[in-house]
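We call the chains A, B, C and D, going by the order they appear; numbering starts again at 1 in every chain.
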């Protein structure tokens, strides 16, 4: 595998941003971890000087155990065909970040979604608010402590009939003589009690 | 005053015949369209059952008196138009109310329905309907010009404003006005495409753009009335064009053949063409059709 | 004088919008002054559901994300899992995947032809092209058991081998579809009125296209030649011979022509695939799906769908369930920020026309 | 007016036949099942043979086809669309997710049983139902109409309170015009 251009980019990034943790994940993938306040200058540096002009994706991951949200930016360089994955962790209790819509206008849409789904507040984005959901009054639904099964059970009428449906996982495991995995066992226990 | 009972009979049954023929043509159109589109299509009676279904709706929402009146305007206009068009040549029953100057009268009465609709739609408050009406009126400005030019050319050329006179003049195959005044025919038939509202001139009802345009707030009996009116109006227009350009018809078989042939022109054009934007449509009518109309007039005047 | 502005709601119940979404238009006369996309009518919380499902259970879910062309979703998730796990895929499976992806592209382009011409009022074209699309769906049904949702591509290969004589039937269908192309040309692409409607409408400025995140046919319609299949070849695309059509102009017409030529390219790709397809296994053993632990890691994979770059960001924390799967639908950018920009100044008659040409697919915007 | 029992019956038969032979489906693709509507309507399966046709606005339509799951946001619009339609009107639930939530049984944003919120005349099973299944569902509806049994609109009117209660449970911000026809 030839990682020449990836290593070249990694070196360039390290020279400019000393605190950045740069890792070449594989061919065409560079992962950069940065402090959150360095993200806007880094992104404009990547866009203007490193030719990462296409913002392919903008995501958010909830690390409930560490009490952090991780914002992930995927930038693609059409000239070198390399993807730069920029990651940063922000506080989960009072999640705040700045908007990057001046760099890429479509970031506005992503920010609206992340705001709605995780509750991250983006300073400078004036279109935050209802985007996908309507009249939502619970926790932002994509947070890991939001329980969708419980919410659905409480709010929606559920037609009976599912309980006595045959559990497929258990049946397959029994047929093939394999061990029933732990998470499927609760069904078998219930069944044995009956 | 002596009452011509045969004429009264004709007046009574003409709309019924027009309705039946119009609805059947509608059904046939749907079958022909379907065949071109690689499928079977609905039965011939489909349009009839559609209308009956609309009449048998239990509830009818309306937003005011004008909206209530709009379909009435439409059907009044179509039946009135029909009454002034002689259906069968030299027939006591089906000459209807044709009189001296009826061509000029028809030019007016034919747009009456659209204006009534415009008033009704305005009250429904549906923006799609309002846009549809404004599109319809703009397009009408487009196609009325070549149409009027063609009619004027014919009126000058044959020195009459009476449809019966025109029909009487075309007693022979080679006397048909389509051959005597081809430019007038071209202008009129292109305008006719716009009048019928099939693609590419279906800007008024364009479903993908403005839902279904003016009728979008009309359902149930109102829509049924509008469909009835459309069937009758289609027949009236076809008969009018047959009378003017194709020498009228001596009996019903000839009438059906001639009108159906004429009807297929917009229908077949519509199947294979997308629709114009409104301003493109107007531009179309003000280009060649208008030129043909002016040519027709100039030739006659010289 | 400034004309009075009215607000026009295009959708969600409207025959013109591409699916269940709404565009709120501020209209002055016939011209759009301001457009605002409202989505969320199809939000099923896929990303949340996948966090409470096992890895294998995610596969029936992902294909529902984009209804007209579900296979890139499966392909993406399978490839992401393979990348995190380091799982090898047999050569034959790669070829089969390419074949399925290209068939899906063709089916999707046929559906788009219907939508594009239908929104311009040419109602014969949808009848033809959507009817012909069914022949491709028949092939899918034979191969995978499903017409629309296939759940066919999974980590380590594909679910079933090709049935006997399947290649011949694919070739036959391709021949038929190729023979239909002249008909489509006569009816749609060579139609003067269609050209009149399409040219110069919905223009994406070329110098802004990359920055705005335009991908796929809209980008290639601006004359910029970028395609995931060439930029970052996946499966066996680097072994196949095909061109990436581009067209200048950036308008609806350019996008239409790009898609039309891609249709021909897909036919040629599938023919090559069938010719070059090796014999052998079609899958590597998949672990017990009930006890399938994917090691911690993350991957961003992308596929060229018919609407453009389709990406998946998959994070695994080493448990039975995914930590996070985030979908980058191609229409996500096209349908919201791009559409809002290029609708300004358009005629209301063209709104649905432009939406169709961008391939706005609401389920992948809100998922 | 006509008061004869037989005359009324004949009128009923004719009206039901007309309603049966002409079903206009409002063009509202509420869910992913909408992808099987184009094949159903176009040349391969040609639903127009049975008088089934698309209709652009709810005012003119007879059938509301719920193509799959309904998110709460869509449910509000669907109820609005349904109430704009003119009596007699019919609802077809399309796909497993209208019956019991289907694969979205634990989703926080979709309703699980459509008939709690709207009167459903026919359910079509499957995820997603093939065009043949859709057509057979329509034919079942036609049979019901012919026998005069498809009276969902009447059921809705009579049990409006119950339906409203269910709807309000799901739709938090209830801003809807009254339903009084």
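The criterion applied here is as follows: a contact is a pair of C-beta atoms (placed from the backbone, for glycine too) under 8 Å apart; a residue touches a chain by one contact, two chains touch by 3 or more.
Because the structure is predicted, anything quoted here is derived from the model rather than measured.
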Legend entry - Any chain in contact with chain A as well as chain C: D
Legend entry - More contacts between chains, B-D or A-D: B-D
Inset, instruction - State, to the nearest whole Å, the distance from the C-alpha centre of chain A to the C-alpha centre of chain B. - result: 61
Legend entry - Interchain centroid distance [CA atoms averaged], chain A/chain D, Å: 38
Inset, instruction - Round to the nearest whole Å and give the separation of the Cα centres of chain B and chain D. - result: 35
Inset, instruction - Would you mind pulling out the distance in Å between where the CA atoms of chain B average out and where those of chain C do? - result: 44
Inset, instruction - Could you list which residues of chain C touch at least two other chains? - result: 14-15, 40, 43, 45, 48-49, 52, 127-128, 131
Inset, instruction - Please list all residues of chain A that touch 2 or more other chains. - result: 133-134, 141, 146, 148-149
Inset, instruction - Could you list which residues of chain D touch at least two other chains? - result: 27, 42-43, 56-57, 73, 106-110
Legend entry - Those chain pairs that satisfy the touch definition: A-C, A-D, B-C, B-D, C-D
Legend entry - chain B-facing residues of chain D, complex: 14-15, 17-19, 21-22, 24, 27, 42-43, 46, 48-51, 55-57, 59-62, 84-88, 181
Legend entry - chain C - residues contacting chain D, complex: 12-15, 19-20, 40-45, 48-49, 52, 60-61, 64, 67-68, 111, 114, 126-128, 130-131, 133-134, 137, 147-149, 363
Inset, instruction - In the complex, go through chain D and note every residue touching chain A. - result: 72-73, 76, 99-101, 105-113, 116, 166, 169-173
Inset, instruction - Would you mind writing out the residues of chain C in touch with chain B in their complex? - result: 6-8, 14-16, 30, 117-124, 127-128, 131, 187, 191, 193-194, 196-197, 347-353
Legend entry - Footprint of chain C on chain D - complex, ascending: 26-32, 34-36, 38-39, 42-44, 54, 56-58, 69, 71, 73-74, 77, 81, 103-104, 106-110, 127-128, 130
